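The following pair of complexes shares a single chain, subunit A, combined with subunit B in the former and subunit C in the latter.
Up next, the complex of A and B:
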């Protein structure tokens, strides 16, 4: 099988690159070992939330200039970030995903446990505040679904009250949702979303919500609706008597599943090939170039392309593996930035920033990785597999995922033009 | 290497439950969890529950029976946990229930089939009679709304020996066909199409002297020792074929997946030398076309069909839907709609059982809706059980990809 570009990894980074290339008419294959970290996305994307000192960042684009040279943003050129950020927003719009936010000014999102964090883009159905932590309402009603425990309401209530917003919490019950409570373990956001995909179930819910609301200015519900798109959320919005917004839940997140499935659908609609369950095990490399890759479930099948993108993520998706003898990149054994001494991998204090978070594939020239110091010229590494940044400390993970992918795609489009 | 004394219950348990990161992504994709809150879900039934069961088998919970063994959780897992295998093995090891008549009847596709084809007119009438459906429903627990597959008048093997065998010597190239029970006893059409298509492509077809049921229905119905016996016989045959330098092709995604994955991960057998030697016919043909070892024969000029391709669960697990869909796309006159990969709810013999019927239909509903919206002439799938379920639940014509090729080339 021959493609223009093969992308290893099917999460936010891989799909961003895949979509961008397919939009330009390239023949693209995405090989995904399993589902991705996108499933944890609680409705927001981050570009840069904090600086190295841990201070909150208002204008992410400005602050990126002071990042160290090892940071992926520096490798793709901070001067390019603004246009990549615009491209990312456009990509969401093209895929039918409504987002709000600006790369020039962060806003505040509410984490599932009530922590206020800077964010770059947030899905249109979520509640947000400005950087001064002002919410657009003085009083809100949180209507949780009885039995649903992946949204700790006391934390959320106190978060709102700290920002001067009056908050009341109620639990709503409807016959269709009560049925789910028979499960000991699976009253999860995604299972609730399946029930609430039917209008009749949403009608029941809206009646209960309208009954509960007093003088509050807005209604907040957990983000448990709209697995494939947000039309059912829009429907509920029309049925209730106050403006209604969602609050992020603990994973698996409905909006994460929605993002994954919408991006994938859009990629497929552009003619892309998405092979789920295809774990790439090896690459055939000769004189600094990949000739083909092979997947575990496709024996005797050479997968060939002019260009390759590695978007396998960090430790969770096995993009990196920690072994007794060091941290490795398992497919090609690429050079990695990680000390051999295991003592140096972790910091004793769990709350401190952990060194292993910055481990990843070493890229000397732009995003090209190397093997034993020799650059692989037709391979680009993008997203969480890259070394040089701590996504928890800096709150930059979706930005790194998307902007590095866009950089690789832009370079590949240029390379193909010159061919 | 495993041998005949290999005992399922003492073979090493190779489940990699400790690889689980507790991310819960698997729970999103379980078709049973989606409709039945009483199923504990893949994470709980699989890696989480396994830790307890290893300490004390009393933690085994009969609700694990609700698992379809569709493996969609495994395909979704970002950390390669063999969730479905863990559940399947736990059921075989710990279930206190001995398989009853129904389980034996549903599992013994081979034995029942052999008798049923001989008596097919009578059996088919009996199967469709209201009174016998009622009997099946009440006494055996086979749901009365279910159209139990009818039996062919003549087995595929008989047809082959009479009508195809004599011509097969005339081809220079040869390929061996593992037809599976369903083609042999219930629906020989895909098998007959396969012989014609391979002949058109210049291959003579051979059958396997000692082909046995792949064993999957026995695993699903609590009879691992029987599955093991069958697996040994098949692996033996496949080794002999491989030694002769011949390739084996199939038309059933489930048989193929069973030989590749279940022999190893559920039965604990060492199938390393043969697991990649069995290929679906669509993959075989696609690859030969790609390597330019084959050319497509001319297609009937008036051939025109709009089809929807349905990815069966075990096809999703194999990761081979790409081959079938893209082979079909190469046929002039074929307009292909790729359906979202969703479970049809049948899962082998699961949907037949009275206690599962409703759940099975509920699971399949989103797929049935998508099929109705697709506005096509036929649904195409590589799985014979999806075929039954979709045909029954949507009233649509269902075909095997090889049957489409056969129609196009004839």
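Up next, the complex of A and C:
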């Protein structure tokens, strides 16, 4: 099988690159191993939430200029970030994903435990505040689903009250949801979303919510609806008597699954090839170029392309593997930025900056990785597999995922034009 | 909050298995007893060992007297602490590097000490325990078993309380009161202030901290703190306890523990100032793995959940830097005879296996000092949770209709599982999916077992101890605590601290899937939730370390 570009990894980064290339008419294949980090995210995207000192960032584009040279944003050129950020926003719009937010000014998202964190883009159905921590309502009703324990309402109530917002918490029960609750483990976000995908179930829910609301200005529910798109959330919004918004939950994240699925569908609609369950095991490399790759589920197929993108993620995506004696990139054994001594990988306090978070594939020239110091010219590494930044401390993970992917895609489009 | 000055017959210092056993024995003999623990019950070596219920075989070559004590107590615990014991039996395995002559002498010594020891051919051993290295050259079957030290200690504490004892956690002893050569009580501190506990007898059962406690009374004890590091694996690869049949050394015991297994241990003398340091080094991990894989090869491919270390409360006698040759026997000091200080007793050394006997000896001495004639009944009276069950047939049926969580709780709390309600759907909801801890069991632990922090909840229910290491359940539990008392800041801080405690055990083995899971956990709690951005000063800081 021959493609213009093969992308290894089907998460946010891989799909961003895939969509951008497919929009330009390229023959693109995305080889996806399985679950993506999106399934653990919040419904918000972050470009740069904090600076190196740990201070909250208001204007992410401005602050990116002061990042160290090792940061992926510097490698793709901070002068390009504004246009990539615009492209990313357009990509969401094209894929039918409604987001709010600006690259020039962060806003505040509410975390599942009530921490207020800076964000770049947030799905339209979530509650947000401005950077002065002002929410658009003076009083809210949190309507949790009885038995749903992955949204700690006491923490959220306390967070709202600290911001001067009156908050009342109620638990709503409906016959269809109570039925689900009979099993000890069924009250997980994705299972609830399955029940609440039917209008009849949402009708029942809206009756209970309307009955519970008093004088509150807005209704907040856990983000447990709309696993494929947000139409059912829109439907509920029409059925209730106050503006209704979602609050991020602990994993699994229904809207993360939704995001992944919308992007994948859009990619497929552009003619892209998405191969799920394809863990790439090896690459055939000669004179600084990848000739083909092979996936574990298609052992006899040589998958060939002019260009390759590595978007396999960090340790949790198996894009990097730590062994007892070192860190490796498992597909091509690319050069990595990580010390051999494993006592240097971690810090004693969990909440300190953990060195391993910055480990990744070494890219000397732009986003091209190398093997034994020799650059692989038709390979681009994008997203969390890259070294040089701490996604937790800087709150920049989705920005790095998307903007590096857009940079690689832009370069590949240029390369193909010149071909 | 209790009164500032309180009167008792006896103060017991230390909430490990020894202190809990002494408190139970004293209370059963009708004494008014208070147990003071600086952190939480099982905080020290009691919560940081294999959970091996020795038959005594491991000590039979070096210390036959100790071995005899072990087998006697082993038989007693199978009766009185049934719900804390899993009958697994043990294998002593000889590998090609080992000496079969040692095995012959070992069997002889076991039989002489009254420990059954059945020699098995290699293929017979493999047939009953397939995880063992197939290159083995010999094996001996002994009556080792697995014991849950948390359950055992909690059951002793519960029984002590049911007999009228007061048990105070987070109460650090700061002074021993001495009046004209006789102990008059102790001073202690908690977050609620300073307290005085007056009593004519004080029992020092502080484990590795015995030396510090004794120094408060002006008495010198030279502890020989010997640190042991252990690894917990994410699966139970073995059915039986597996020992190497050689002179005790590093990484030569693998004990099954419910759904996981524990490999131990190392033994290094540590300076007395370092006994609070329970972090495991990379060298210790490498050493344990290197030896453990020889015994059970599949460990090489098994995920390690965490590493931890405990400090054995041994007492210095000779010149041995590892502590392996020091007797693990019971040390009971009557400081009147030893140092001229009446009313002060130290009970240390020994091991979990012999805790009941240690408690009996210490309590006998307490009674002599108080002129009390009541006799010890701890060897025959079952612990709460292990009471005889009337009609086993009916019970089996009940068990079949129980949820998984209720069955897991039955294992943890024995007959007291009746106190955990499953009637309402919110009580049935699973909080910890790895260990099957229900909302009802969390409520039981909060109410009946006085769990007021995440760490205390973990020690009483196993919440957060499974393969996910708290990723899902920790936040749920913190939310339940907040719902119970409304103190959000305290429980969010407590959650943060709990995750940091879990991390301490993950850090030494942070490679492979342990590191990817840690990253996922960090992405959840820090990136998604922002717990690292929270900085409340917390009254539960005393739970730390």
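Assume the second predicted complex is superposed on the first by the 419 of 419 C-alpha atoms of A that agree within 3 Å, B and C clash if a C-alpha of one lies under 4 Å from a C-alpha of the other, contacts with A are read in each partner's own complex, and residues count from 1 in each chain.
Criterion: a contact is a pair of C-beta atoms (placed from the backbone, for glycine too) under 8 Å apart; a residue touches a chain by one contact, two chains touch by 3 or more.
Since the model is a prediction, treat every value here as computed from it, not as a measurement.
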- Where does A:10 make contact in the superposed view: on subunit B (first), on subunit C (second), on both, or on neither? neither
- Message: Taking the superposition on A as described, I'd like to know which of subunit B and subunit C A:295 touches: first, second, both or neither.
- Response: first
- Would you check which partner chain A:360 touches, where first means subunit B only, second means subunit C only, and both and neither mean what they say? neither
- Message: As a test of reading the superposition: which chain, subunit B or subunit C, is in touch with more residues of subunit A?
- Response: C
- Please indicate which partner A:278 is in contact with in the superposed arrangement: first for subunit B, second for subunit C, both, or neither. first
- Item | Which of subunit B and subunit C A:397 touches, first, second, both or neither | second
- Message: One more residue to check, A:36. First (subunit B), second (subunit C), both or neither?
- Response: first
- Which holds for A:343: it touches subunit B only (first), subunit C only (second), both, or neither? second
- Touching A:117, do we find subunit B (first), subunit C (second), both, or neither? second
- Using the touch definition from the top, say if A:324 reaches subunit B (first), subunit C (second), both or neither. second
- Item | Contact residues of subunit A, present in both the subunit B and the subunit C interface | 37, 40, 181-182, 184-185, 187, 251, 316, 318
- Item | subunit B partner contacts - residues on subunit A that touch it in the complex | 1, 33-37, 39-40, 179-188, 190-191, 194, 251-252, 257, 268, 273, 275-279, 295, 297-301, 316-318
- Note on the structure: In the complex, the residues of subunit A that touch subunit C are 37, 40-42, 111-113, 115-117, 146-147, 149-150, 152-155, 157-158, 178, 181-182, 184-185, 187, 248, 250-251, 314-316, 318, 321-324, 342-343, 345-346, 348-351, 354, 356-357, 391-392, 395, 397
- Query: Considering the complex alone, what residue numbers of subunit B touch subunit A?
  - Reply: 21, 23-25, 27-29, 33-35, 37-41, 43-44, 75-80, 276, 287, 290, 316-320, 322, 338, 341
- Query: Which of the residues in subunit C end up touching subunit A in this complex?
  - Reply: 279, 281-282, 286, 289, 403-405, 425-426, 428-431, 433, 438-439, 472, 475-476, 478-480, 482-483, 486, 488-489, 491-492, 496, 499-500, 503-504, 507, 510-512, 515-517, 519-520, 522-524, 526-534
